[in-house]
Amino acid sequence: MMSEMIREDGRKFNELRPIKIEAGVLERADGSAYLEVGGNKILVAVYGPRESYIRRLLEPNSGVIRCRYNMAPFSVDDRKRPGPDRRSSEISKITADALRPALMLENYPRSMIDIYIEVIEAEGGTRCAGITAAAVALVDAGVPMKDIVVGCAAGKVNDEIVLDLSEVEDKEGQADVPIAMMPRTGEITLLQSDGDLTEEEFAKAIDLAMEGCRQVSELQKEALMKKYSTE
Amino acid sequence: MDIVPEITRQSITNLVKNDKREDGRELTEYRDISIETNVISKAEGSARVKLGGTQVIVGIKPQLGSPFPDTPDLGVLMTNCEMLPMADPTFEPGPPSDDSIELARVVDRGIRESELVELDKLCVEEGKHVWMLFIDLHIIDNCGNLFDACELAVMAALKSTKLPVATIEDEEVVLSEDETFDLPINNELALCTFVKIGDKMIIDPTLEEERVASARLNVGVTKDGHICSMQKGGRQPLTKDEILYCVNTAITKVKELIEHL
Amino acid sequence: MIYVENKDLVIPGQILADDEYYSGRGTFKDNGKVCSSLIGLVSLRNKKIRVIPLKSKYVPKKGDVVIGKINDVRFSMWDVDINSPYSGILPAFEVFGREKKELNKVYDVGDVLFLRVVDVDEIKKAKLGLKGRGMGKFKGGIIVDIAPTKVPRLIGKKGSMINMIKDKTKCKIVVGQNGLVWVKGDEDMEQLTKNIIHLIEAEAHTSGLTNKIKNKLYLAIDGELPPEEAPEEQEEEFVLEKPKLQNFKEELEQEEREAEEKEAEEEEEEEKGDKPNIAKVIQELKRKNKSKDNTLSYGDNSNNSFILNKK
């Protein structure tokens, strides 16, 4: 059966890679978080809500968020040229879209929140990892929110639906479905799908990814509790 | 845009005048230093340095490329620095700022002029294939004195760098899958940065000290006590005596710094 | 049903209670549940749940006292950075009335002032004023920066914490509700006070903090722990709420008393006549105080929204 299948790195179909989350790791930023999942190393800093000098971006009745996803030149096998490209621009946009529904920005009209996601090392699934870490950094910054958004992907490898694709699985697999959700309500704030899936497989993938999100969500909470509890 | 409060300027200046600092250090004392190497498995060399609250990560990636025509048998070093907007509320995203370029060039100058990387051993085939080392500095938390933190990080990362063995077969470069060699390095260096506050030169400035300072001097010194790079920055001049004092102090301080590597 | 206890650490999205509870600050209602919107500590009063944030940016509120830095001098106002997503303005008429003066001769860029939030407009821009004792430009001293949410802890119950620090370090301390603190005293005491304030900030949510700080202070200054007090001072609960208005009033009164004492002291010194510089400063100070007494009736001030708002 499917549950018997063991993946290339020894995981079961519904098993996440090892994850480590830490909140509040930087001095200067208003909020920050560090996340490792598999070989990914992600650092996120949040500044704000702060006054913004970019007038055209401001909204009279709400704060706005701006997100910058960036990969370090040394984060991948072949050195990446520094600076934004089409991929990172898209990820920046969808990350902001994934986080925004949870944020109570109406408390901070005409202000700006900047979220800086730095991929220090990449090993598949950086956008979900970035969202997960960014949500922790936002909590650390004291931004009011309805829920802590969490990201996780499922995909199809060797005709099986599996959780949290590694870099190799992502490259060799048939499909990847990264999602982000608000765990309390189960509402989905990010969805992408690339590759070939039947309707049934897609439904399976989304269930599995949501289950993964719930597991990661517990680790987000643990990281925050660890940072802020005194005992 | 960030204006230093006048009373902060006064209090820092007064402290330094009395040979004191806001964090209780001596004028020539460094903050705590920690260096970790091999922090990025996808980079051939890497290090993370914490200097007080300042944090930088450096990764070194090699690429095979053509040598410069005037040095056909030498490898190539390229140092690039990103002052990430995450590191400081005043850092902006976008192309490298002047400060960022200066930082990268000063750090690079130390490495280059001390000739501590044996570039001739990075030649795979003269005139055709040499190793180019991309040294990428990532500033993630700016609490002052990025210069010294960056130079330490680069030095530590270079020392940890391993390159795949390259051979020429049928006029093509073949990289070994499992055989590597340590980047050949024949010396060590560190940068010692001073800023002038009032009429005193102090080492390893914090962010506030940097903002109050009137001038800056970076002194790059090798393990054997040779000066290999210097740079004066800041708006105000320095006297010759001040410069000579800095050089003299740097030579002792660099020995301490190198012990951390 | 309630799912948390008073003072529990909670995180955003966490369900705190069912519908029969009221949703206070730091919480929201969704689908019949009261949920937290912040990382903070639960504060439970009767059936009302609030979450006191552990971290939060300062948002200006009418009546608050804040410490601000002049960022720019303009035609008829100063731009003031009040450590907030919203900057403040100090209109020239708040300082001069109808008189015409050159603004930068009075307060220049980089000057640090103790101010009152006179009004907050619909886009949260704060109009600032200087009406009140001790308001105006700081001379000398240092600025310490803490999380605005930790201000009540720094002040302590009825000013217990801040007064203890003032007494022991002999420093003048002014706390702005925006998380900036001004400290002036002996150079080494200023630095000690700064470290103590940061310690309070870091350990704000631990219990027994007042005693801990007391011990630190005594050890640092006298080299020994304070003498045991016979009736053990009742341990203060870790309260992160805003102090009650009377506390602030007491705080202000205390400051006034101190200022008066100081003035008296300084007068004495002045009489000795051995410190001409100080004498000059004092005269200036006195002039300033006088002019303030003239420009405002204290009654107006106590009617100020700062106090009314709190009711």
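Just so it is clear, A, B and C label the chains in written order, and each chain counts residues from 1 on its own.
Assume a contact is a pair of C-beta atoms (placed from the backbone, for glycine too) under 8 Å apart; a residue touches a chain by one contact, two chains touch by 3 or more.
Not measured: the values here are computed from a predicted model.
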item: Greatest separation from chain A - chain, by CA centre; value: C
item: A-B against B-C, pair bridged by the larger set of C-beta contacts; value: A-B
item: Inter-chain centre distance, chain B versus chain C - centres from mean C-alpha coordinates, in Å; value: 41
item: Averaged-CA centre spacing for the pair chain B and chain A, given as whole angstrom; value: 32
item: Where chain A touches two or more other chains, by residue; value: 50
item: Junction residues of chain B - those touching two or more other chains; value: none
item: Of all residues in chain B, those that touch chain A in their complex; value: 40-43, 46, 53, 55, 57, 59-61, 63, 80, 82, 84-89, 93, 95, 134, 136, 138, 140-143
item: Residues of chain A touching chain B in the complex; value: 26-29, 32, 39, 41, 43-45, 47, 50, 68, 70, 72-79, 82-83, 114, 116, 118, 120-123
item: Of chain A, residues touching chain C in the complex; value: 30-31, 48-51, 60, 63, 102, 104, 107-112, 139-142, 144-148, 182-185, 221, 224-225, 228-230
item: For the chain B and chain C complex, residues of the former touching the latter; value: 3-11, 14-15, 18, 20, 22, 24
item: Chain C residues within the chain B interface of the complex; value: 69, 71, 81, 108-112, 138-143, 187-188, 190-191, 194
